[in-house]
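There are two complexes below, and they share chain A, which is joined by chain B in the first and by chain C in the second.
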Partner chain A sequence: MPPDLSGQLAALLTWSNAEFLVGALARTLAMTVIGCSLGFAAGFAIAVLRRTRAAWLAPARWAALLFVETFRRVPFLVTLILALFATQQIAPELSLLGIATVAATLAATAYLSEIVGAGLGAVPDLQREGAEALNLSAWQTFWLVVLPQSWRVILPPAAAFMVMFVKDTSLASHLGVVELTFSGKILINRGFSPVLGFGAVLILYFLISWPLGRLAARLETILAPSQRS
Partner chain B sequence: MIVLLTGCRLKKIDTFCAGGTACPDRGLHRVALMLLLCLLAWAAPAQARSLQTIRASGELRVGVNPNFPPMSSFGPDNRLAGFDVDIARRIAAALGVRLSLVPTEAAQRVPFLVSGRIDMSMGALTITPERQALIDFTIPLHTEAMGVITTDRLPVRRWQELDRADVTLVNMRGNQSVAFLQEKLPQPRRLLVDGNADTIRAIAQGRADALVENTDFFIGFTKQYPAIRWRVLPDPIFASWCSIGVAKGNDSLRAALDAILYRLHRSGAVDAIWRRHYGASMTVPVSAERIAPARDADRRVVAPGEQATGYRFDWSDVLAKVPYLLGGATVSLAIASIAFWGGAVIGFGCALGKLYGNPAVARGIGGYVSLFTNTPALVQIFLLYYALPDAGVKLSSFTAVAVGLTLNAGAYLTEILRAGIASVRHTELEAGMVLGLSRGGLVRHVMLPHVIRTVYRPLANFFIILVLGSSMAALFGVEELTGRAINISTTNLRTIETFAVTGLIYIALTLIASAALAGVGRALFATHRRRWVR
Partner chain C sequence: MPHLSVRDVCASYGGEPVLRGVTLEADRGEVVSLIGPSGSGKSTLLRVLIGLTRATAGEVQVAGEAIDYGHKAKLRALRRRMAIVFQQYNLFQNMTVLQNVTLAPVKVHGVARAEADARAFALLDKVGLAEKASAYPAELSGGQQQRVAIARALACDPEILLLDEVTSALDPERVGEVLDTVRTLAGGGITLLLVSHEMGFVREISTRVVMMDQGRVVEEGSPDGIFLSPQQDRTRSFVGSIIRH
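Showing the complex of A and B:
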């Protein structure tokens, strides 16, 4: 490995290293996108469940509360480690990337259920009472009255959460998932200067996160104007 | 248990910060608790694959360390290569199956064997009584001679002279030498890191003075720092034996591996492969009597079939170490507090600069905010920790994490506080000016009270996020809550139990913090409301 930075930069910019980094980038994105998509679906279900009033659903509501509070109050790093060792008992065939995705889904479910819950709660009670007065069923009230008004409130913070989550997946490097941060570690263990190894990784994160962040911000201006007075 | 009940007593207060979540009453909490305990007590038995199953599947899954040259590491072609890889290839060939390499970090070797994710584990697995309770070992593959790697900065000639309080020893989590050092060299400070390369880097960058470990394994990394005058103390402290690990009770596989290793030793193949990767023979050779038990391994009678290796929970060790973990929790809180207050100062300054500063200042602040909010805090701290020493700035792991998280928090708090400051009405500021307040007076008496009231809740939430985020300090060797949990679990090999307890401590910590912050919030603003509304 050449000792000077420019020589190292030339050594870093090879086709096989580019392939390696793009593969790592793909794994970072896979964890984020799959984790957040499954998390949004599950979080949505939990948010709806927690707004039900039926007595027979009470145990499910407590379980949902316990789940959400647990994964919102435990660091993602601890969730990852627990997921790694718990899946050893349940599904030892699952790959490290799969395990990290499971952990991402658990955390995303907990956080996104709060975001969805806040969105559903933002619809004024008067609207619901009005729907009831019109003799709409619970399902019709939800589908025709609550949801059309709340998704504008839900989408911007949910998108912002996903952008934030790209960065949280860097902790999966601790398990040995060869995602962006771990690929930086491998590069510097091969002798590249930390400035180059982690610098390259930092730039790649910025290149994903910044445009997505702008997109999320635009989403907010497009969807939210009616919420502002 | 205490945690959940506390959570219940604090339910009303907690809703203030937890986003208005409803909280069921006390009796229902007990049901939830039962559910949690059932979840924790449940575990399906994992299966270790016997020799027959491996042969039938046509594939041998071998755990090797991904960052451990010359044992095994990713080469320039980004594929695994090294001594372990060559030996594994020979074994797979002798068994007549394909080789599948599974990257396995040091701390994952035993759990992956127990779960059956890998059939055999390499990665310089030293035979220790703790491991023997959980897995079985073959005859030794190689030795490790414990020695000292240091530099000319440290004027010692024998390893016993290292027992001084002004010496920092670096070590790797999950290595058996950690316990040995605590017993034989109790005085020196210690720095625990996660990777082999990190140990030598820590000495090169002046964070530690010496490494007491198998010198064969680590000396290769010193080539990356030609400017340092490296020294290896001559006398080995002691030698121990590294074997291939297999799941407990997987006797058919162990017998087959014993027979193959015996032949590889007797033919000189192990020595030849060792010399190819290390450039010299082992410091202490594997003696003939050490491999003798495997002479008749081929004829050993082994009951065929699968062996179940279910996981039994054992909470005794981690429960005994709860006080140690709670000590780590105070370090976590300290890191979060430093980052919070440091970040609040930076954030307030930057928010004012962004709103009222000239365009150049605002652009500079915008660049800082988007750089730090669009990249992971973990990578930011990696850069501070590993790249700054090349520029002559050496931060301890605690300082690096504290500085990194503070800069990161500063960027996020700039955004939160900017929104708060922007919500101050111009008429209020004008009224203050009419009353003859100075610029500082305007900030102190008009702006801050308003801003604090508006942003108190997001700030309280952000503090909780910082408490959770401080866990990444563990990856730099800071012994806070998660770091201590990793220390415990790499020794007692009870990871699920250790981290379940750790998780409960985090839940308790954040519930208490949320409740305290909510209480302060209500005490602060209740009086205001009464004064202003009435």
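Showing the complex of A and C:
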């Protein structure tokens, strides 16, 4: 390491820089975790809605389809910009982080609804018919038979999506959210070498993604045994 | 009065007529077997009877009472009296054998857990699988799964049991154990309506055999009548081809 780099490293490892980076890390995590959690809940609701048959829900199913197809096809950066301009009209006092989290939730909802939908669809119709013939209600069939068998199909790709989504939140830097990627730029502006600034950012991204990836892999092995058929 | 009466039932699948006016009857405790080539509508008839497929015309009566399949409560009441076992053993994969058998009694009929468990063990004992009560379906052979499916169907004390090719998806050496289980039911007061390609078994167990083809009943009669002296050419050629193989 050249002498100026080691000097810079010492300068980087200060309490205030650590605080700054942890704050950025927290914002990256907040967008990911809140976006994916709310997105999972909303995506779940959409997936269930889209599997209903009732005629009076048809307009809602169309709206859900339109929403999912739109936000899956639009680049996340566009969703972010869209959220920025939309919230300026609806909720002008919302922070940039709040706006980015709204955008994250929209994107995650669209993707996760597809993952949940695929999981629910993976349960054979025979399981539903067996439940129906036994007089289980539609709700009991869903709750007791379909959903427990869907988790093993839903959770691994959902966890993988979240790992991937950590990286997508870097686009929020374009809005001015001081998340990890943006904090790297700021460190460079403060005079640190890009190697150090983005090196620190790289390590922090890795520290989030790696355990999440391990968790996703573990979910897959834990859930796999019930896949025997 | 027949226990089960089917009159002029029609049904379609994907726009194609599958049942073109089927009429048949079963008295209480009878074993009625439906035979016929694939696509003749046998399985569809069973699906219509349990209300999984809607008939487009015709009437079904159980103990003289016409069933209104469009009426939710009446359909539920029918499904208390009638149960079905499918060709593809469709035990709930996320539940143990015991949970599969007790699910409907506990969750639908409000039977106390202890009582339902005791009854389930008795039924599992009857099908020879009491020791598998805590196993999951995936841990059982196809024949064992089908025996559990029969126990599950019996758990709500149906008067009529529909068996839809319950041995067709099994390895040949697993067929016997399932047929043995069905044999123990015959003559026990329950009315059995079964679809089967096991002609030897059909001939042995049935009180009446119904030959179907292209969505219609071609001929019906006693097992000996159908197998030894069929009146219709179609029955003769079908029975002949099956027995030759």
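Definition applied: the second predicted complex is superposed on the first by the 224 of 229 C-alpha atoms of A that agree within 3 Å, B and C clash if a C-alpha of one lies under 4 Å from a C-alpha of the other, contacts with A are read in each partner's own complex, and residues count from 1 in each chain.
Quick note on the criterion: a residue touches a chain if its C-beta (ideal position, glycine included) is under 8 Å from a C-beta of that chain, and two chains touch if they have at least 3 such contacts.
Note that the coordinates shown come from a computational prediction; the quantities given were computed from them, not determined experimentally.
Once the two complexes are overlaid through chain A, chain B and chain C fit side by side, free of any clash as defined at the top of the document. Touched residues of chain A were counted for both chain B and chain C, and B has more of them. Once the two complexes are laid over each other on the shared chain, residue contacts for A:Gly184 go to chain B alone; chain C is not touched. By the touch criterion stated above, A:His174 is placed in contact with chain B alone, chain C being left untouched.
In the superposed model, A:Leu144 lies in contact with chain C only, and not with chain B. By the touch criterion defined above, A:Gly130 reaches chain C but does not reach chain B.
After overlaying the two complexes on the shared chain, residue contacts for A:Ser6 are found with neither chain B nor chain C. Superposition on the shared chain A places chain B and chain C such that, viewed from the Cα centre of chain A, they span 140 degrees in steps of 10. With chain A used as the common frame, chain B approaches chain C to a shortest CA-CA distance of 18 Å.
For chain B in complex with chain A, the touching residues are 7, 18-24, 28-29, 31-32, 35-36, 43-44, 46, 66-67, 69, 73-74, 76-78, 103-105, 108, 111-112, 114-117, 194-195, 197, 224, 226, 311, 370-371, 373-380, 382-383, 386-387, 390, 464, 468-469, 471-472, 474-475, 482, 485-486, 495-496, 499-500, 502-503, 506-507, 510-511. Contacts from chain C toward chain A in the complex involve residues 50-52, 76, 79-80, 83-84, 86, 88, 90-94, 103-104, 107-108, 136, 138-139, 152, 156. Within the complex, the chain A residues that touch chain C are 124, 126-127, 129-136, 140, 144-145, 148-149, 226, 228-229. Across the complex, chain A meets chain B through its residues 1, 3, 16-17, 19-20, 50, 58-59, 61-63, 65-66, 68-70, 72-79, 81-82, 84-86, 88-90, 92-93, 96, 114, 117-118, 121, 167-168, 170-171, 173-176, 178, 181, 184-186, 188-191, 193-195, 198-199, 201-202, 205-206, 209-210, 213.
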